[in-house]
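Two complexes are shown next, each including chain A; its partner changes from chain B in the first to chain C in the second.
After this line comes the complex of A and B, so read on.
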């Protein structure tokens, strides 16, 4: 009985805290996390396809650049890359601004935290997406490329009509994994001060001294985000491979 | 370019390498123990064990390691029984132990999935052959299933170990002065983040590359039967042109 009373107290405290404004803050945190993840995925998609193309290239130099990119950005701690882009960006921006005289010689021009974080997470995501795209390109049936060539299609036409549609279809499951990874990486950019879910939970925990409550809530919200995206990607996979399914 | 700065930074960060390796090693070792337990529960065939493992994997793979670390370090100390426990409190009050606990719990979820996949990938024919030989369940596991499954799990396991190396950097957010924490401190003191982080980055990269090399070597040694046969030494000599 005492346990039940205790539980009721806990729930009412939690409700009071959330109703006092932390609930809305956490919802904004989710919105920012999703914004960071989506923008990073887009940056990663652009970089990833370029790097995949470089890794598949016939030129040794390009292949080397592609290999180094994926090795470095998959081999370094994510935190280090984020610090590098945030603090390193500040260093570069300050240096440039000081030399052009747009700020005083003791002032500091900070890297915008959202930009720095998104660039860092996007570049990491790009390294993983490059591997996904490369794998899907290699999975395209060689005969189809040869057939396209035999039809006399130009390189651009082959790319647009044969390669892109199939790479996109084959890449969907892999991209789902990268998406999950990017959601989890986005929690790390809280160290640069982007008010996403992790930082909001952190602030709430520090200022209300209910760290258990807020970190558990953050964990649950991350779980909701990752598990909601699973069926969405499954649906996308069914949609993109609809012409390959057996008729019912 | 002043090389002295690079060298001194490199050296200061390298001095923190033992601490990083300590977190890494204990995280992996305890993680392996938990993962073995989880895999065993999952494979045992009991519904309860299977549901527990599924839930565990869902929770620990679905949320960021940073949340898990904060929850263990800041969150659990709110319970009175934790603070009054003679066993739990010394562990959960120390940021170092907390990082190791968080890493072990996290990696166990991924590893148990790797091991489950490897166990399922053992060819049925091998197990049937072992049964036909009249091996007991334990002998079959020891001599047939386990060796094959371990080799199949190795590539994915090496990826997981590299992810763990990267995860040790998170210890710096709970005040541990391992390589990342040391780099952070130097960076704040000198305000030269690009140089300092590059030095730390080189060390992390070399560490990960050597781990990958090591695993590739182990994998090579463990699969002699999958290698192509050595080149034939007696090549057919071209017939000399005789008129």
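After this line comes the complex of A and C, so read on.
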């Protein structure tokens, strides 16, 4: 009985805290987390396809650059990359601004926290996406590429009409994986001060001393985001591979 | 253009007609292995040439050198009198001098592959209109209309909205032939079009090919179908170890094999 009373107290405290404004803050946190993840995924898609192309290139130099990129950014801790971009970026920006006289010699030009964060997470996401794109390209039936050549398609037409649609089809499951990784990486950029879900939960936990409550809540919210994205990617997979499924 | 015509006129045979395809002294090595040892061939408008040979004789490689899917090491290829220009690459191998020219010529030489190679993410209809609209830049409506007519002709119009993986091999190959016809090609290249098919599906593809031959299409057919070679083609060419062993009129060739190699080859088939 005592336990139930306890639980009821806990729930009403939680409700009071959320109603007092932390609820809205957490919702904003979710919005920022999604914004960081989406922008990082897009940056990663651009970088990832370039790096994949480099790794598939006939030129040794390009292949080396592509290999180095995926080795470095998959091999380093995410947090280190984020610090490097945020604090390193601040140092570089400040140095440049001071030398051009745009700011005083003791002033500091901060790396914008959102920009620094999404660049870092996007670059990491790009390393994983590059591997997904490369594998997808290699899985395209060689004969279909040959047919495109035999019918007089230019390199650009082959890319647009055959390679991109097929790579996308083959890449969807892998991209779903990277999306989950990127959601989780987005929590790390709380260190740069972007008020995403992790930072918000942290603030709430510290200022109310209800760590258990807010970290559990944040954990549930992350889980909701990752599990909601699974059926969305499954749907996308069904759509892009419709040509390989039984006709209705 | 006029330079090409002049050049073509010079190489034209006594009859004065420019050959649709003219191949001279084609050579090709894969590593140390010389696959083509100087092959020449001339196909005139309306010719149906069956190219026979055991596996490894170089027949597919020769066909693929004509549309530059393989780059010959030396020799020349002319399509409708126009020489495909080659240059020396940095690695010492020949390469096409003008990729635009190669793309333009390829669009005139529709190829039908052993493994169909239809674009699997497009429906059959989309497969038929993709190259005509994007490569030949013809109006889409016109291409669609032609595509439907071609699909009716090869007997798979009901399957026009299917994706290739949902069709039988015979249907896929007929779709691939329709895709080739949609380019209104000057010459059709067939690379073992029935070799990947189950025996009971070979007939439907051969029937379509026979009807194309009968309407006077120019066709180069690499094949193992002796019946097609003997009864449908206007000329038979037998390759042996990268060389032209014998060429001739089909009935004559099959009735009196001109070389021991060809005699042996058809004897193996009749077993």
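Keep in mind that, in the parts below, the second predicted complex is superposed on the first by the 247 of 248 C-alpha atoms of A that agree within 3 Å, B and C clash if a C-alpha of one lies under 4 Å from a C-alpha of the other, contacts with A are read in each partner's own complex, and residues count from 1 in each chain.
One rule holds for everything that comes next: a residue touches a chain if its C-beta (ideal position, glycine included) is under 8 Å from a C-beta of that chain, and two chains touch if they have at least 3 such contacts.
Quick caveat: nothing in here was measured; it's all calculated off a predicted structure.
**Q** Quick check on the superposed pair: does A:9 touch chain B, chain C, both, or neither? Answer first, second, both or neither.
**A** neither
**Q** Between chain B and chain C, whom does A:107 touch in the aligned arrangement: first, second, both, or neither?
**A** After superposing on A, A:107 lies clear of both chain B and chain C.
**Q** Contacts for A:75 in the overlay, against chain B (first) and chain C (second): which applies, first, second, both or neither?
**A** first
**Q** Once the structures are superposed on A, label A:67 by its partner contacts, choosing first (chain B), second (chain C), both or neither.
**A** Neither partner.
**Q** In the three-chain superposition, say which chain, chain B or chain C, touches more residues of chain A.
**A** After superposing on chain A, more of chain A is contacted by B.
**Q** May I ask you to decide whether A:234 touches chain B, chain C, both, or neither, giving the answer as first, second, both or neither?
**A** Neither partner.
**Q** How about chain B: which of its residues touch chain A in the complex?
**A** Those residues of chain B that touch chain A are 58-59, 61-68, 70-71, 74-76, 78-79, 162, 165-170, 172-173, 180, 183-184, 187, 191-194, 197-198, 200-201, 204-205, 208-209.
**Q** Which stretch or stretches of chain A touch chain C in the complex?
**A** 141, 143-144, 146-154, 157, 161-162, 165-166, 169, 242-244, 246-247
**Q** Quick check: in the complex, which residue numbers of chain C touch chain A?
**A** Interface residues on the chain C side: 67, 69, 99, 103-107, 109-111, 113, 115-123, 130-131, 134-135, 162-166, 179, 183.
**Q** Can you list the chain A residues touching chain B in their complex?
**A** Residue positions touching the partner: 71-72, 75-80, 83-84, 87-88, 90-92, 180, 183-185, 187-188, 190-191, 198, 201-202, 205, 210-212, 215-216, 218-219, 222-223, 226-227.
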